[in-house]
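So that you can tell them apart, the chains are marked A, B, C, D, E and F in the order they are listed, and the count of residues begins at 1 in each.
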Amino acid sequence: MRPSGRAPHEMRAVSLERGVTKHAEGSCLVKFGDTHVLCTASLEERVPPFLKGKGAGWVTAEYGMLPRSTHERMRREAAQGKQSGRTQEIQRLIGRSLRSVVDMKLLGERQISIDCDVLQADGGTRTASITGAWVALYDCIEWMKARNMLTVSPIKDHVAAISCGIYRGVPVADLDYPEDSEAETDANFVMTGKGGICEIQGTAEAEPFSQEELMSLLGLARTSIADLVELQKKAVGL
Amino acid sequence: MRPSGRAPHEMRAVSLERGVTKHAEGSCLVKFGDTHVLCTASLEERVPPFLKGKGAGWVTAEYGMLPRSTHERMRREAAQGKQSGRTQEIQRLIGRSLRSVVDMKLLGERQISIDCDVLQADGGTRTASITGAWVALYDCIEWMKARNMLTVSPIKDHVAAISCGIYRGVPVADLDYPEDSEAETDANFVMTGKGGICEIQGTAEAEPFSQEELMSLLGLARTSIADLVELQKKAVGL
Amino acid sequence: MRPSGRAPHEMRAVSLERGVTKHAEGSCLVKFGDTHVLCTASLEERVPPFLKGKGAGWVTAEYGMLPRSTHERMRREAAQGKQSGRTQEIQRLIGRSLRSVVDMKLLGERQISIDCDVLQADGGTRTASITGAWVALYDCIEWMKARNMLTVSPIKDHVAAISCGIYRGVPVADLDYPEDSEAETDANFVMTGKGGICEIQGTAEAEPFSQEELMSLLGLARTSIADLVELQKKAVGL
Amino acid sequence: MRPSGRAPHEMRAVSLERGVTKHAEGSCLVKFGDTHVLCTASLEERVPPFLKGKGAGWVTAEYGMLPRSTHERMRREAAQGKQSGRTQEIQRLIGRSLRSVVDMKLLGERQISIDCDVLQADGGTRTASITGAWVALYDCIEWMKARNMLTVSPIKDHVAAISCGIYRGVPVADLDYPEDSEAETDANFVMTGKGGICEIQGTAEAEPFSQEELMSLLGLARTSIADLVELQKKAVGL
Amino acid sequence: MRPSGRAPHEMRAVSLERGVTKHAEGSCLVKFGDTHVLCTASLEERVPPFLKGKGAGWVTAEYGMLPRSTHERMRREAAQGKQSGRTQEIQRLIGRSLRSVVDMKLLGERQISIDCDVLQADGGTRTASITGAWVALYDCIEWMKARNMLTVSPIKDHVAAISCGIYRGVPVADLDYPEDSEAETDANFVMTGKGGICEIQGTAEAEPFSQEELMSLLGLARTSIADLVELQKKAVGL
Amino acid sequence: MRPSGRAPHEMRAVSLERGVTKHAEGSCLVKFGDTHVLCTASLEERVPPFLKGKGAGWVTAEYGMLPRSTHERMRREAAQGKQSGRTQEIQRLIGRSLRSVVDMKLLGERQISIDCDVLQADGGTRTASITGAWVALYDCIEWMKARNMLTVSPIKDHVAAISCGIYRGVPVADLDYPEDSEAETDANFVMTGKGGICEIQGTAEAEPFSQEELMSLLGLARTSIADLVELQKKAVGL
């Protein structure tokens, strides 16, 4: 029995609210149950140095948690003077995931910066971030199209993510914090709308896991991500 | 004529929403028009080293802006590896303002950390932060009273804040961003429910200002802060 | 009775010694009693990025305290790897104060950097810094005029500063350290030669203060700053 | 055809040289072809704060690359003042991998720090590091047993790692740098001697990958890791 | 011919002014011509961790240059967030030099921190610092004796320093900046009152130097340092 | 009697192994007994800003110690976020030493960066670094000549280094760690093939040393360095 009473394959209530900030070219407040992440997409007419003059654009991401988004207050990274290894790992993952569904030549020499800021955390912040970031990115592209900066969208597909894990011996989807902190195995899956795998990160917390367990987690992820892609479609009106 | 069409003494629509995060002992989402700040109060059973063993508590504050809370994306302070001078100045102001209405002996050897994170900025983020922080602090104290950690509230009075300025020659209350960036003089006032002044910070942006101008700004502030205190009372049910 | 035996309106002995360093284009050793600050003005033929090509100059300031300028040795900020919030707040104030009396178009695309280094501290370092910095700035401009880099001075007026406070219930001018550490209210005033207010920063240390108290402090400040401006005039031979 | 002429399943020549430094309690110079990593295990009679008094030990890891271990010289992280996100990600992975095969209660309140320093890089530095680190850790435990600090080894199993990828459409094992920089998909696998999976990290560099591709990479990894475990056994004389 | 017209063995005018700051237990403003350094000695009733409980004291030093002590303004190290290699090298040298003439057992478990802050630089700041620091240290010890914290002085001897160099082929003493920036060889000597060598640092700037040149520089240094020791004696009234 | 049983003038076994890394333009693994340093020379087609457009090149050096190169594990400088004063002092010394034998005009507008990374430390790491760095630099120049980037070598002479010291009253050459940590005086000498002195750094650890002692150390150094130069010649085939 899961602490939340959910069935093993059951995700938390997911919502994707667009247009939540006045300034950003695209934005989305994503909620996976009590995990709430504010995602914004910011268009900048510049590219990182390694891309200058190459006719291609870039998508990058930064991630942060508000100090009291967590059960105990965390120290503010800006006050500590550095981002933790975990923060850097997550923002690199978000950036890679989004880049895997964007045609950089079509984007042109521009950078879109995605900021994912966790307002409230209850497990699965990185997967919620990726799922919401896609919506913010989509809206940023629409904003550009509306201004004739692009005629063809450089977005090739949806991308969404879910965490699955073995909790008390049972493979379950969309771990919340009580599950996450106890799970024997924890895996994050990033997949496209067509079902291709962009990223898979599985970690044995206590005992190593087997290929069969990996397969069952992948199966749960596939179904969940298909549902998340449907929610993305609804959110942006596709 | 103000860009927003408001009368000189007219504040923006202000709202104070309590209980907006699941984990914090007190929280408030404060909105002054399009300026939105999430304030949380976190109770910690420790005090800074200089207070150890002195039987008194402490209230401190940290402030941050989400990178795309502003019109142009700002660099993330955590990624830059330091807080700007402006950030530090603001968080010191918030902390001082709240401490001026708390009896530290009554609080006991505990620290309450207030985090003010700007989700969307349109001028006046520091004064909105102070106004909302009081509500978060109040709820944190109520949380402690409900758990018999305190019998008497250490909160001595309300504290709230407003920015006023000389805009195109006219003293106006509650500057929004278009006014703030053009105002000849910009002053922030922090006052208590009884009308005492906790803090006044007036800056001439272009020409020096006169004592009369200062007095007219102080008059506007007094009225506005009285209104803000009424809103705080309503918000917490006093 | 003040610890120093001064009358409430009485400033400490103030001296402004020019030309105290060999290298700087302008310099001033300012003393407010036992508070001693070395101010230098350094001309640089460049402007900050946001001013490039705009035909206007810039005046900026940095502030520091020698580690043993204080009663107890402080940690050296260079060794700690960062400037404190207080340091940044003060240097921002000094810079704003000076800029308020300089015509940046007349200065041309150049930067003048003011360094205010506290050799000995006994309260009022920021206000002494501003008062001395004006003399260093003036001499830097004279240095430029002597080399035909400027024909008209971009300095529009004097600027000087004083701290006043409520000490044991009495408004007093020019707080020294024993007063400053005990004052109920502490306010810094920055004013021009013509009596315009550039900056006012008032803080209630214990109890909030009233409008009447603010007015009495402002009155003390006005008289003191008029005296300081006279001393500046004498120092530079006006 | 692979640039090295290897068959798809063929690893590079792997060697594990023990006892390569005079000071460390355990050490191993691991070579996967031209990738050379010096691994040391350092015993310290202390644990991180979160483990104090809990009767359990800790194993942690740090990773670094010599500036000219790479084709182009990289900036030295110590000179830059921070470790990159990539470095932190890798050292977190190495630490987790080793902890998954150590019984922390049996280790007792001590910390073993593994340092993996890349002397020469040609792809697969993180997987070589994990494979060599196990040998250094094993020797550190033997050193402790020889001094009667432990009677039973806390090492529960072997752990080794390999990178596999889809290179020009073909699943191949043990990517070298020319393959790694061109591979469509790149996955790192960490497995135990018994074949349990500790960690799997798969990333689509260009196109998303399929479940079938993941399975074929996992199959290659399983065979390679079994070979690496045999080499570990030979190296330590089991 | 030296730019200053001095004879090869001739030092600049040297002065050692004691008691120049109100707060420090010992202080000295040392001038070697236009090189001016403010040295303070601060007594602290603590020792570094490696000396705790060992019954011995410590003497340490920090060094800094005011940003406009130099011909061109230097960046402020506190603003840059780190001390340069040169700064660290110099402060380590000052600390070692002073420790070589202090009996740490006699000092007892206390630390004396010497701060050497360059107000104006014209070559030889590190040697002036050492020479002045001894006076500040001496006065700090006298301050302690006057308070019965010590009965016997832990200072075993004088220590002073001079820079000598080969300038246009001629060995000269006490290089000023114009000489220093052109000298073929530059050497710093730290010696005791009895003529023992504490430290010698010789550097060939252009061509390597010979043993004979080293000897002639050492001879110049010996004479100069004997003169400096006499000036120290006069300064402190020995 | 020396701990190692060596005669006073006797160096440890020294070896200089070239071509030890695949990527660097020049490399050398230098061993002075149990002190092992990996030196690489990296050619970069750029110069530091102060040399741009001046037609001259630059040689610079960086130094690091692997965390467990020492008896007790040291903290990793990259993890601490800064290089220690000792590290900076040593890398500045290595750079100066090499520059003293290179004709920067002949090198042309290019930079050669020498990295000296200590794999195992047993005293004398800085002098071993300099001695090995010369070989790496030589090979880098040969690499350039082989590619017609240079026709004439900019290397004017050999440069090598040794530490000597007074150990239990006896002047000895090439201190190992047990001697170094106990020596009364410790001096590092850097000399050219022709016997010119590039750098001399002598430090009294306990008692000041005399001119005679300095001379005897210099004599030991001269002989040792002549031997090291012979070993360099053999190593590079001169």
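Keep this in mind: contacts are C-beta pairs under 8 Å (C-beta built on N, C-alpha and C of every residue); 3 or more make two chains touch, one makes a residue touch a chain.
The structure displayed is predicted, hence computed values, not measured ones.
Peer 1: Where each step is a move between two chains that touch, what is the least number of such steps from chain D to chain E?
Peer 2: Between chain D and chain E, the shortest chain-hopping route counts 2.
Peer 1: Can you check whether chain C and chain E touch via the same residue numbers (shared by over half) or via different ones?
Peer 2: same
Peer 1: Among the chains here, which has the CA centroid at the largest distance from chain C's centroid?
Peer 2: The chain farthest from chain C, judged by C-alpha centres, is D.
Peer 1: Which chain lies the greatest distance away from chain A when centres are computed from Cα atoms alone?
Peer 2: Taking each chain's C-alpha mean as its centre, the farthest from chain A is E.
Peer 1: Compare the contact pairs of A-D with those of each option in A-B, C-E or E-F, and report the one where over half match by residue number.
Peer 2: Repeat of the A-D interface: E-F.
Peer 1: Indicate the whole-number Å distance between the mean C-alpha point of chain C and the mean C-alpha point of chain F.
Peer 2: Between these chains, centre-to-centre, one finds 50 Å.
Peer 1: Between chain D and chain F, what is the gap in Å from one C-alpha centre to the other?
Peer 2: 33
Peer 1: Among the residues of chain A, which ones contact at least 2 other chains?
Peer 2: Residues 81-82 of chain A touch two or more partner chains.
Peer 1: Output the circular ordering of the chains, read from chain D in the direction of chain F.
Peer 2: Starting at chain D and heading to chain F first, the ring runs D, F, E, C, B, A.
Peer 1: Taking the touch rule as given, give the residues of chain A at its contact with chain B in the complex, in rising order.
Peer 2: My answer: residues 21-24, 27, 34, 38, 40, 42, 44, 62, 64, 66-71, 73, 76-83, 87, 113, 115, 117, 119-120, 122.
Peer 1: Under the definition above, what is the set of chain E residues touching chain F in their complex?
Peer 2: Residues 82, 85-86, 88-89, 91-92, 96, 100, 187, 191-192, 194, 196-204, 207-211, 214, 218.
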